[in-house]
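Multiple structures are listed underneath, in structure tokens.
Below, subunit A partners subunit B and then partners subunit C, in two separate complexes.
== the complex of A and B ==
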């Protein structure tokens, strides 16, 4: 056991990824053994269709967590971005065919960016805790959205949205492709750029980052702007999946995104955690949910399984973390 | 690594065994997605689904999402499509959100049934146990019978913009206008019926203002309870009838004291049974047309792809205790 631990330590962050892949393989094997008809194309396709909207929101949660913060407004920020895009498309581009898609995407991304930017500015320059700021933003957005839509929905997007929400390319669901691109982009930002490095440093020890010449304020604004853009993308994807948008769609995802980040080894106090383990952890959660659905288990039990899974992984991880100190 | 895998396996397996479905695959598989799992209404529906599934030899089950977020219903339906069920039933939280995924289900050759969602497009059929008109008229008839078509009455709804409540109220008022010309509505509709206090206060005011008040029609879960309390306080039981739909557990005492005359709802248990009976019939190639006698539903009316039965469930001294025990 000791040598195993030491091997994992040497692997460093790659070890986390290997471990998460191991967990994913284990859960696939488990459900392959106990859930009837699990090894089938449609099952994996169904999982690949379901994962991305939650996955994008989890990415949007991940970046602030690495910086030592949290973004509680991810779901409502996605709703508002989707609403603005849907409103514009509905008003001007219903018959514009495929043109409506890039326009909607641009509106969604920029409104998500604007919301994130606002959170970032307040966190960085007012110095309020991100939980308070993003909670305030979440309530503000929900209130504004409910007021503007009167609790109703905007629906009836051009057909091109359905090809994004339900189409496949070479058998791979389009939402999954969108998600994988977002994962790659986030992984690149976090792992290969000096901005990404700054985010890890700020999350680890803000004071040390400040003294080593990192512009902490600018980094925080960047963190929440990136997070906001990812929620904008999630909002557009939800719009494409549901052909409709309403304030409150997907609000059950909020806590799950935080769960996924911690499951993937993101440190609740910031500074540590990698993007790829997160993507793999999300897949494990989806395998558990779909596997239990396939067996006809209660959804409440599936939620319980998620919770048990998180606690289990935390317990397994604890000795490794202690070794790192 | 090995020990880790085994740990994951053991614990997950322990969690799973509790939820294992029966292994035997029946001929027809029917999955019904509820609005939310674990509340009395849908527990009753689940009981109906399982009961009827056993009776008809169908593998029928309910999927109850953990919150009323329509995104969770989409996920549940995706999994049902992957599971290749024959029939998907759903009580939508938001009909529009489900359209694309229901389209996908139909493209996969799955029969789609909805309930309480006449506006859904991508479905084979929607079924309603009682139409808005029939439900409103059932209440009007009960009021007319109790007051013998005399005096004045007032109408409460949950809100002036709640579509279902106002549709029921419209039907009730229209029936009374035609069949009880002597009964007059004493004031415009009040949007108070989701609050016990507002309903009580409004009723006290109305009793003070109108000597000839003989009845209250309340559509909204708290309306009959509030109105009945006012009637009880003023000692007017038997003189002012309170008719409307309410939750059995909350209203049972008032029903037994006579302060609430009664009302009608529809039964989630029956709805669950209908999902299975109708789903099996359609999966075996059955068809539906206007005026047909269908299993469980009786003689139905078909409007477009919406099936309307007329089987309101009476809330009365005889039924209220049983319903309260089911938690409805």
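== the complex of A and C ==
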């Protein structure tokens, strides 16, 4: 056992990815064995349509977690971004055809960016704790959104939205393509740019980063801006998939996104964690949800299974972490 | 209790054939260690020589390899000690981190152990606190028992830790680098207390890298190297140089720096003032020069360094680099202008302790590493890191390991590497040898001398008079935020410098 642990450690951060892929394969095999018809095409494509929303929100949570913070406003930021886009499209572009789509995307992204930027400015320059700032932002957005929609849905988007929500390119669902592009972009930002490097360092020891010449404030603003843009993208994707926006949609994703980050090995105190294990961890969660669904279990039981799964993984991980100390 | 109430030669501990193996490493190799009752015994050696392992074997943390023997006083020898037995025999260890509770009051920190054993003894806390007060009075310590510990400085916390172990019967106290972060006055106070404890018949084992104070406080000194005992020597007749040689196993040449004529001015300060920190500081630093900057803690020397590094903005005065005035809005501007600062606080500010050696080396040169494209590749980071590991002869088995897996001296080389990678004109070294053992110290100054030969200008901040005296071309003494003396080390003896600093 000990030598196995040591060998695993030698893999370093690649080990995290290997472990997550192992978990994914195990859960696929498990449900393949117990859920009838699991390997049939429709199951996988339904997963590929559902995963991206949660996935984008988890990415939006991941970047702040690496910086030693948290963004509790991800779901409502996505809602509001979708809402603003929906309002605009309904008011001016209902008959504009495909043009409505890039406009909606631009509005969604800029709205998410603005929300994230505001959080970043407050965290960086006021020095308030990110949990408090983003919690405040979440409640603010929720109140505004419910006021603007009177608690109802905004629906009736042009048909072109459905092609994004349900379309496929070469058999791959468009939302999945969007998600994979976002994963690649985030992985590149975090792992292959000086800005990403700085985010890990700020998350690890802000004072040491400052003394090393890293602009900690600018880095934090960037962190929450990127996070905000990802929520904007998620908002548009949700709008396209449901052809409507309701404030509060995806509310239950919030804690799942945080847990998915920790599941993938992100350090709760910042400074450590990789994007690819997160993407794989999310796929495992989706496999579990779809597998349970296929077996006729209720949605709620699937949520319970996620919880059990997360606890299990944490328990298995514990000895590896101890080795690292 | 007075000195001489017991015969001085009585043995407190006789340890024999103590060995301990971790994997392939023999951390302790057939060690014999004697401790007399009431003696102050120093344990010295380079990092990784086995001092901590020996302490842990005696205090019951580690079980030694079978065959060891420990004899306490006249009791029959035992082959190993459990933590409970160690406690019952009054063996205590005060580790460098002190293991205190920042949010508890001083009083509760002192009486903490009593409540660990009997958690429901809360009704007795008044009695316990009174005893804590008596302990403090006996030692001549005055601290507010109700004050939260976190308001105390490291020196006072040290005293709290000592009072804490004195709440139960103490026969042997191990102190792990207790003076590492204390000022001279604080060190003197602590050494006084150590003497008081020894006068009560408590044996003190004192671990320190500061060889001067080692010889000052102890009666005998045991030197360890590579898991073995080199020897135990009386402090009388021993000197620092000899100790250093015993610890490292090689000879040190008397390494006073050769004075070289300075080159062109590179950094000039002109009436620099940060209110409340320092006033009207002016000096000129030349290429290839080492300027020693010293003074007591609070004299404003670190604050001055922060201002030169752009971390604080002066209210008045000018900083000139190569003759041109510069405005430093942040340390990024300072780095851009060729100024680098090795912080005195390597643990919290100098390095990202849990991050890899690779990342710690690359952090200051991210822009160069990722230009002209936006791509910051792991290959370029590795190349940079490998280059500096080679140039500074850093002992690294794998650069992707966390930097805190290295010894103090090698960590300091990583700090040097990350700053040298910025190709500075001026390198500020703030207490560069804190927590660095004697062999590594010599290596660091070897590197520094090479740098000055290439034309780099160095500001060396230290409160160790011998370091400043041996390695500076010029010495400035600061006091209350002003430069009070401008000296040439060649003109004076080290002792005179020490007297001037403390005057």
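By our rule, the second predicted complex is superposed on the first by the 325 of 325 C-alpha atoms of A that agree within 3 Å, B and C clash if a C-alpha of one lies under 4 Å from a C-alpha of the other, contacts with A are read in each partner's own complex, and residues count from 1 in each chain.
Here, contacts are C-beta pairs under 8 Å (C-beta built on N, C-alpha and C of every residue); 3 or more make two chains touch, one makes a residue touch a chain.
The model shown is predicted, which means the values in this text are computed figures rather than measured ones.
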Label the relationship between subunit B and subunit C on subunit A in the superposed model as either fit or clash. fit
For A:163, select first, second, both or neither according to whether it touches subunit B, subunit C, the two together, or no partner. neither
Touch test for A:271: subunit B only (first), subunit C only (second), both, or neither? second
Which partner does A:110 reach: the first (subunit B), the second (subunit C), both, or neither? neither
Which chain makes contact with more of the residues of subunit A, subunit B or else subunit C? B
Determine, under the contact definition given at the top, whether A:214 touches first (subunit B), second (subunit C), both, or neither. second
Taking the superposition as given, tell me the minimum C-alpha spacing from subunit B to subunit C, whole angstrom. 23
For subunit B, which residues count as touching subunit A in their complex? 1, 3-5, 7-9, 11-13, 15-16, 18-21, 23, 25, 37-38, 61, 63-67, 69-72, 74-76, 78-84, 94, 96-97, 99-101, 103-104
Which stretch or stretches of subunit A touch subunit C in the complex? 12, 192-194, 196-198, 200-201, 204-205, 207-215, 271-272
Subunit A contacts subunit B in the complex at 1, 4, 19, 22-23, 26-27, 30, 34, 36-37, 40, 42-43, 45-47, 49-50, 53, 153, 155, 162, 165-166, 238, 241-244, 246, 248-253, 288-290, 292-301, 303-305, 308-309, 312, 316
Within their complex, subunit C touches subunit A through residues 311, 330-332, 335, 341, 343, 348-355, 359, 362-364, 366-367, 369-370, 374-377, 400, 418
